[in-house]
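Two complexes, one shared chain (chain A), two partners (chain B, chain C).
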Partner chain A sequence: MPAKKHKPKLAVWKFASCDGCQLSLLDCEDELLKITEIIEIANFPEASRAIQPGPYDISLVEGSITTPHDAERIHKIRRQSKILITIGACATSGGIQALRNFADVKYYTNLVYANPKFISTLQHSTPISHHIYVDYELRGCPINKYQLIEVISAFVNNRKPNIPNTSVCIECKRKSVTCVMVSQGLPCLGPVTHAGCQALCPSYNRPCFGCYGPKEAPNTTSLAEQFIELGLSKNDIVRAFRGFNAYSDAFRKESEIYEK
Partner chain B sequence: MKSKSIKVDYLARVEGEGSLILKVKDGKIKDLKFKIFEPPRFFEAFLVGRKYTEAPDITARICGICPIAYQMSAVHAMERIAGVRIEGPIRDLRRLIYCGEWIESHVLHIYLLHAPDFLGYEDAIQIAKDYPEVVKKALELKKIGNDIVNLLGGREIHPINVRVGGFYSIPSKSEFLHLAERLKWARDASIETVRWASSLPFPDFEMDYEYVALRHPEEYPFNEGRLVSNHGLDIDISEFESNFFEEHVAHSNSLHSVNKKGEPYHVGPLARFNLNFDKLSPIAKEVAQDVNFIPPINNPFKSIIARAIETVYACDEAIRLIETIDWKTKPYVEFEVKEGIGWGCTEAPRGILYHRYKVNKEGLIESAKIVPPTAQNLKQIESDLYSFTTKYLNLSKDDLQWKLEQAIRNYDPCISCATHFLKLEIVEE
Partner chain C sequence: MKQISPDQLKDLIQGLQYRGYITIGPTLQNGAIVYSEILDINDLPIGITDSQKPGHYRTTQTNSNAIFNYVVGTQSIKRFLYPPIQKIFSAKFTEKKIEIQELDKPSQRYAFIGIRACELEALKIHDTIFSKSEFKNSRYTTLRHNSLFIAVNCSKAEKNCFCTSMNTGPEVKYDYDLLLTEINKNERHYFLLEVGSEKGEDIINEFDFSDADESEINEKYKVIEKTKSQIEKFLETDGVKESLLQSFESPVWDDIAKKCLACGNCTMVCPTCFCMTVEDYTDLERNSAERIQKWDSCYTLEFTYIHGGSVRVSVGSRYRQWLTHKFATWQEQFGTFGCVGCGRCITWCPVGIDVTEETTKIKKLSQLQTTSLEEL
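Take a look at the complex of A and B:
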């Protein structure tokens, strides 16, 4: 009789976040029970009271690091995890809460120290990769649940995830969606934003606002100049790049150029 | 601004890890602490300086489970500043997308988060090993809720199609007709859910609650209404802050909402049901009567039945809306920015969600205040835990721990704290 095959153990961890990305796993209504046949959900407090000890084959990490305690905790998780994957904009670029990273330090210090219980709060909200080695980063605010299944399946089967790294702009072209910037003059982040949403906003007649963060080598300079042509103010441009991925390198640098 | 700093953090505490410490001495509770700790994310601080049009998308990120509620409270507040009332098809479509969120959120809680407590399982995946058909049906029902949000909102988590004034675009009626057929199945499945939920074993436990919910003259409340309670409250939502206050409790990191007398109050499905039973659709009302679930209901463990009845209502209402909406409407109403203060209060799956914004003449937000339902229920939850422990002190440590966890989950307080991450320490002296 063949030995029982090892079922890979999956753990889900939460840091500062809205819970939406881990909820994506429970939103896999058609696939959830099949997934549990292949992998063992060993640590997923959002779904289960039963917590199994590590080590884990795959850890999914949601949320950004915002407290000294969490900055310690992520190292412990790394040590227990064979593969560690960050899911979503918070874990990958610091999330919407990274807007505090740009605030007047004195203002925030006052804010922080106005109440002693905030003293342990860090000045910055940082992505997981600023603290530990990350095996794979899945983008999105929120992530695309089908991409999540693809990434889990790829690591279980020891292959490379098939996640396109093009732009939202390319997704629009593939879907034959009329360009909202060319046809209506709307300021769209699609040319510099990582693919993954299937050009969702332009499909609903709305310009992209950057949920998936910067694509590889984005030309943000040229896009910002185009925004000026469209009549946006400097402040508008700062806000456009300071959304859910404000602290990603490319978006942060471009927003800082227009800040003064 | 300094005083705001205290208030920005409570948003974070509505989610995350909860812990409970109970100390008993000589058969008496010496200490009972329920804490929710979650790193502060400062939403109210960084909303300052953002454009009023950004509030729905930014505040949606407070909660991945009920983003529609945040978007709805935000758009209503902004429209109130501009003095605009959205009527007709756009108003109906907002009710429709809210139906989707209620179905998705309620079914998630009923079957995946709360049912395991009643049935003695660690989680729904374990239930699926013994009763796969039950869990499959639950997932299918949850999916229909998500599909409404998906189609009208663009995606189920952080939808992109809601804007101040209406929607960016409106899908065609034909896309919804298919959903209406599935919703008829869903309505039947949720009627069965009500019957099943009412047959669960409930602890003998009642509280004397002040229930607070919206009330609208013509409909079961989603987006609009006056704030009412069974203790005689009846106010416009703009009076929220002069009737409800937050107090800092020394033993907890959480701010607790209280009424004028400093007492806890109860928001959510049980509050809505008790205060708006007469506004349920005939089908929802009938199934409630069938299982003899008629106000006043004061056993918090029975909130699972209220959630199931609201799921029937949401399916029923969604079917009605899909059939009657004028789908050829313009997707949004345009209006000029005005400076001023506006309030929004809508019924999130977990209860009333209050927003208040001050906007300047450039349309930039000058201040923001957000009070989520879970923050309002925290003091009530503690009060329930205290009474329950007093009554059931003779239970074994394990049984008491599980029942207290269940008592917290009665409020569906938000997913990560609602689900099984509670540490109970009973110190016997």
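Take a look at the complex of A and C:
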């Protein structure tokens, strides 16, 4: 099928984040030239100074909202974007910086900065979807570059992205990775975590720590009870659920139960 | 019946490789028994034994030189004959039309070493589904037809085994090409070898194996009796189908849902579960497309997604679907139970849900004609 004359324009935006997810786009290497053949990378400061004005067909948004300025800026981006896709744990759940949501951010700024009065920050680190309508969320810390290509390819071709929201267990079993929880008694978040990483940690004999966030309808209560059986303390369970997706609903609620 | 030494088993494995078979057998990987390609007898789990309980699996190294002293490993041979991820076809856009490119027939020939009675029974179930039904799976049929099955009689049972309830084991009775029984007694280690097909006969004819004498043959039955006596788990299958079909509203489903993670592990490790999904991919340049088949699970929401939402939203309804299919509607569909009693779904459930216990609970409730779990 011949390529359309109009190349969709892509923009990449950054909020509170480590840049790792944006880098996944540059990390595409072999596929990067093909991507630029079908889409025009119009606004991607991390890759190029050549910035074209909006509107954009697709916006990829990385990072969480942590400042009053960013809370405003995201609305401007939404207005310029036909399709807005959030990428990574920060943008989809608030990220590791959402650990502040369980503490007092003023206490932190007083500890860290010599002059905390110059710091303008919000008490909570929140996902993009708490502020604007998001068309699609791509999970992971960082995101998987093949999933990123899949999402871009799907949106450009007007088809559904093949991004299942089932458990990591399914990926383990398809890969013939032996369950580390059953065979070694390790506390693995795989049964409640969104697939997409191709079972990266269990493939290296380590338990999943949930960097893709909750799967569809996760039963965190039952898994936490099983962790107790495996000998974890209440505090261990709080820590298990308070990782990169600590502020996602399911993980937050479970950690709060064990914090009491 | 022949009797062969471990060295002769080594020769037999080599002989299969000379004939072009990819030899698949049990191996120890990250502390678990996993079916994988073996090149030599030393790749087999010599001296390894396993212990299994609901949600619990461990292996230990013993001083014994026994090779098959474990029950069943992480997954059955399903993944070789019915791969978890499989391209079905690809398509290319040419100037005016779409050109479909079908895949070549699979050419690999597997020799499976060490498969158990329950796994052979599962194979038979897959034959019914994939090779004998109206909609044939030609890849499965070709691979299966070209494979060789060297079964082993189980020399031990574990806490989750219930093949005797499902009438599938532990003795291997049919559908094998060659059958081994490992005897490790009085410091003598050997295998009894039986032939079950022409294919098997053909292979054995190349070797000069000696016949087993009567006392050796008796050892086989002693092994089987010992294994049988170790099986503790029991499921009364009489009336299970009727009870399940009457129990759509049983309180057991919601009770299980409190524990069930809906992670899909049980369906993935089940040697008979065969559900799959298809994913369509297009490449970035829009020149080609692919259709990929992947193992799916009835525990996912997407499994029953139709326009507007999923049919089975509650976890209880998804568990009910799975269990009812295994023990009731499978009979109407394929004429057998969908369960062979290998116990994998119990072992590999991260929270140790036991199908035999849940099925028994449902049956009791339906017989008592009560909906109160406390009355059990």
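Convention: the second predicted complex is superposed on the first by the 241 of 260 C-alpha atoms of A that agree within 3 Å, B and C clash if a C-alpha of one lies under 4 Å from a C-alpha of the other, contacts with A are read in each partner's own complex, and residues count from 1 in each chain.
In this section, contacts are C-beta pairs under 8 Å (C-beta built on N, C-alpha and C of every residue); 3 or more make two chains touch, one makes a residue touch a chain.
Owing to the predicted nature of the structure, the values given are computational and were not obtained by experimental measurement.
Asks: In the superposition on chain A, see if there is space for chain B and chain C together, and answer fit or clash.
Replies: After superposition on chain A, chain B vs chain C: fit, no clash.
Asks: Return first, second, both or neither, reflecting whether A:A103 touches chain B, chain C, both chains, or no partner chain.
Replies: In the superposition, A:A103 touches chain B alone.
Asks: For A:I228 in the superposed arrangement: first (chain B), second (chain C), both or neither?
Replies: In the superposition, A:I228 touches no partner, neither chain B nor chain C.
Asks: Considering only the touch criterion stated at the top, classify A:P142 as touching first (chain B), second (chain C), both, or neither.
Replies: After superposition on chain A, A:P142 lies in contact with chain B alone.
Asks: Can you report the vertex angle at chain A, computed from the C-alpha centres of the three chains with chain B and chain C as the arms, to the nearest 10 degrees?
Replies: 110
Asks: Given the touch rule stated above, what does A:I132 touch, chain B (first), chain C (second), both, or neither?
Replies: neither
Asks: So, A:N205: does it touch chain B (first), chain C (second), both, or neither?
Replies: Both partners, chain B and chain C.
Asks: Touching A:A217, do we find chain B (first), chain C (second), both, or neither?
Replies: Touch partner of A:A217: chain C, not chain B.
Asks: Of the two partner chains, chain B (first) and chain C (second), which one does A:D27 touch, if any: first, second, both, or neither?
Replies: A:D27 sits against chain B, while chain C stays out of touch.
Asks: Could you tell me if A:A71 is touching chain B, chain C, both of them or neither one (first, second, both, neither)?
Replies: Neither partner.
Asks: Of all C-alpha distances between chain B and chain C after superposition, which is the least, in Å?
Replies: Value for chain B versus chain C, nearest C-alpha atoms: 10 Å.
Asks: Which residues of chain A are in contact with chain B in one complex and with chain C in the other?
Replies: Shared contact residues on chain A: 205.
Asks: Hey, which residues of chain A end up touching chain B in the complex?
Replies: Chain A reaches chain B through residues 14-21, 23-24, 26-27, 29-30, 32-33, 36, 41, 45-50, 66-67, 70, 95-97, 99-100, 103, 107-108, 110-112, 114-115, 117-118, 121, 125, 141-142, 197, 200-201, 203-206, 209, 211, 239, 244.
Asks: Touching residues of chain B toward chain A in the complex: what are they?
Replies: Residues in contact with chain A: 1-6, 8-9, 12, 15-17, 38-43, 45-46, 50-51, 54, 57-58, 61-65, 67, 108, 112, 116, 122-126, 128, 132, 135-136, 139-140, 142-143, 146, 154-158, 160-161, 163, 168-169, 253, 331, 405, 414-416, 419-421.
Asks: In their complex, what parts of chain C are in touch with chain A?
Replies: Residues 29-32, 34, 55-59, 74-75, 79, 84-85, 93, 258-265, 268-269, 279-287, 294-295, 297, 300-302, 315, 347-351.
Asks: Taking the complex as given, what residues does chain A use to touch chain C?
Replies: Those residues of chain A that touch chain C are 1, 3, 31, 34-35, 37-38, 149-150, 152-154, 156-157, 159, 162, 164-167, 169-170, 173-176, 178-179, 181-185, 188, 190-192, 205, 216-219, 221-223, 225-226.
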